[in-house]
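Naming follows writing order (A, B, C, D, E and F), and every chain is counted from residue 1.
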């Protein structure tokens, strides 16, 4: 049974009435990626939210940080694995494959990050992200100290928390509206 | 043992180097609320994230939507209850008390929303938010249809999802860094 | 939607046929508290159980013990938080506010006791109560030893166990019959 | 490795200083059962609690009720199964075997009550008890209505709730202090 | 309500068309046990699977191994306890009673193995089996090292894993098809 | 950090002492697949178990059944997703990609099968497998009836149960010993 080509279960404007900056963002995606990520098309149902989401996302994932871009993508995949989020596992699994040059690593983080043999720094980061996703109410000073012991600074801890938290948001938007990832991701960087 | 007066477990800049728009936001908070919410002071450790967070939050909670401001705060409290988030339960519990004029309702939503006798529309909205928080991977068409049956439109469904998802993010940032709410909330609107 | 003024979802005798000692208890409540706690009115549906419940409760909460009255109420609130019991969180949250003189502490224990900065003795006591509530089958000697290390004696350990266990009972009676707390608690000791 | 002959992990008075009514209770147990149940010997560490516990227990299990004594024991076993309580499963499993005359039924309720082919009335009662044990915060009118549909009256619903709740208490006391059942139960009514 | 005498909820061939080796197995069971275990009769619905199941089972439970036969049965019971499998708890509980000569041990392992006072070797083995049953994705080198520290060799670790894993399979077949144990087990070795 | 090339965390015989039939199986794998699946190499630590495992597996996955080979692989992937088993998700994800000719389907089943738009027959089959994996003790007649309603016969129900149960076994062996899949699977059938 072939999968239908849908963006999400809610109606998506065919020609969304985008403000110039958002239209520019869509055009830039088409140019750089060859497509507009479906998450952006989905948010175009609520154009003002599209802008604040895109700005937050951009700062989070490509802004200055003590975490490398790959590390942020690793957190994205591990949180999405804990939440079984199809959209984010496909899109960010591809990002991990690309940034790491290691297709197996993408699979490992999506399926069970504990199967990967990681440097202690990255293992500590992902353990923190998993626990924060599953049982946020149990977080305490020992969890933060484990990050410091692994070499992270105070701002890095904030960024790990913020990044893991963000994917707990985007996973839930995607799951709630049945958002489907663009098919282009599947074949890339295998 | 008196509780210390801290903003979070990570260091907070005493005099953060804020851009003019963020300085204006802090000033506006002081003027309108009498204090700067600690969540904003915490984010000032990462000033660029402060801006994108504040913009997203503002659009989410006071922007135009088919959900009333009270309904958005109700979602905030119920999600925070599922995640046992002290900061958000204090801050948004106060908001529910104020906007509803019903202090008991604030307690009910914080302790167990099922104890409240709600209109079917609001009960459906909160059931959706709770399930999306606890088991996002199980969401499906029947969950969206239950919202439609309760009178919500397609954009409203997006906003319910987006609001519940946002508090799954902010709950986790707060829990990860031990963010404490301003003490002013406790006595208000009792 | 205003909340109805009900005691529980099962019928409550308007003028229960109370034995003299129970009638005296009701009168004493009216005199000291200004109202009869709804839990007692609910139990009056089964007058003989009312007596044995009241006797057990009285010995547990005001009888002689190595645990202070505040500590017993702290356990009550934390167990009720784990069980999301609206009735007990309202009633015993007020008791913590009153006995501690610290309204924030009441909120912290109800929302997430880990947010509170507690003396090691009290933290150990509440960790034991939470674990006993959530996964009683995993309790073992290390859990008891942690209480001894925090300064508790053998009888104190029995009392911590007994108190936490009791609220696992009363939380479930309250939840099963939709028991509502008297409204008087809400404004007290804020 | 032979199991030691202990009552609980806390010290038990060899010759407890019992008030006359409690001494009479112990004597009656010796006479009728041939032994004093270890739960009573354990509570003799706190003699005043022994009395209130014994009174509550007695009213609950042998007092007048719309639930038969077997039905109350069935609830005891199913709740104890959900809580993996060794003491209560041994002691009340024996009671089910004796009162029902059906040793298999005792095993079924202890291992997985859903394996038993029960009358709808009893299945409804046990489903209610299991859910109340596992997720008390989700109980609502549909759960009570299911009991009414199975033929239970309002007082019966109170008694089902109260009985299931009681074993959530006693399971936790037993688990917290490593209470061991008297060995006599094992061979009885097989 | 007497329990019906059924093998499973799916139809069982009255006179299964067994190959000679399987017919011999059934005959041997009749001779040695006095009955054919219902699990074998259930599998006779799919005769080829009967053979591969019987061969695997036989190698697992009576083949050469560093684990004693009792230890293998202990694992069977503890895994079945975690999975609440009626069939396996009855059949293997009897095996533990018989092989250990200790009826209490059978009950302890079925109800809550943590209640048993075990040698460190056996406790480590059962902790490993329980965790592997409940959260297989969290297993790691510390879990294997705990077995080595308790005296197990590399092949023993494989056998512990394999045995615990097998009962996670057979528990699920039994639960899925409502397989009932032969009644003969109940009275044996009490 | 490149992933090491290991078969499992326990020692694997470099030149296992295989009986002729097992040596033939290894040779056949080399010829048909180009490699010996690591699960077989891992089992060669216990050569007799290798044989019974291989025989059971073979009957299960390629023997005659009302379930197509693709359907059996779909169950394998969904069970392994519930158990976060890296080995089985890699190996059987590839099998789904190959047998279905649909790489997206492999990803969907591995990440969250509810994201896939499936025929009712297959959705019912996978819902049964997921529930049997997560909460086997709750299975009952309604679950079997849902399979019948979706068109499955009695033997098919046995096979669905048996297949889902098998992967609950193999997932746990793989997780317990840190079994790694052959790298060849990753690039195949993308």
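Annotations
Here is the rule we go by: a residue touches a chain if its C-beta (ideal position, glycine included) is under 8 Å from a C-beta of that chain, and two chains touch if they have at least 3 such contacts.
Remember, predicted model here, so these are calculated numbers, not experimental data.
Homomeric contact subunit D/subunit E: same residue numbering on both sides for over half of the interface positions. Separating the centre of subunit A from that of subunit F, both taken as means of CA atoms, is a distance of 29 Å.
Work out the mean CA point of subunit B and of subunit E, and you get 50 Å between them. Averaging Cα coordinates per chain places subunit C and subunit D 22 Å apart.
Counting partners per residue, subunit C has 84-85, 112, 137, 140, 178 as the residues that reach two or more other chains.
An unclassified topology is adopted by the chain contact network, corresponding to no line, ring, star or complete arrangement. Contacts between chains, counted with the stated touch criterion, involve the pairs A-B, A-C, A-E, A-F, B-C, B-D, B-F, C-D, C-E, D-E, D-F, E-F. The touching residues of subunit E, counted against subunit C in their complex, run 112, 114. Looking at the complex, you find that subunit D touches subunit B at residues 137-138, 140.
The residues of subunit D lying in touch with subunit C in their complex are 9-11, 45-46, 48-49, 51-53, 55-56, 58-60, 63-64, 83-85, 128, 132-133, 136-137, 139-141, 143-144, 154-155, 157-162, 164-166, 168-173, 175-178. The part of subunit A that touches subunit F in the complex is made up of residues 1-4, 81, 84-86, 89-90, 102-105, 107-108, 110-112, 115-119, 122, 178, 180, 183, 186-187, 190.
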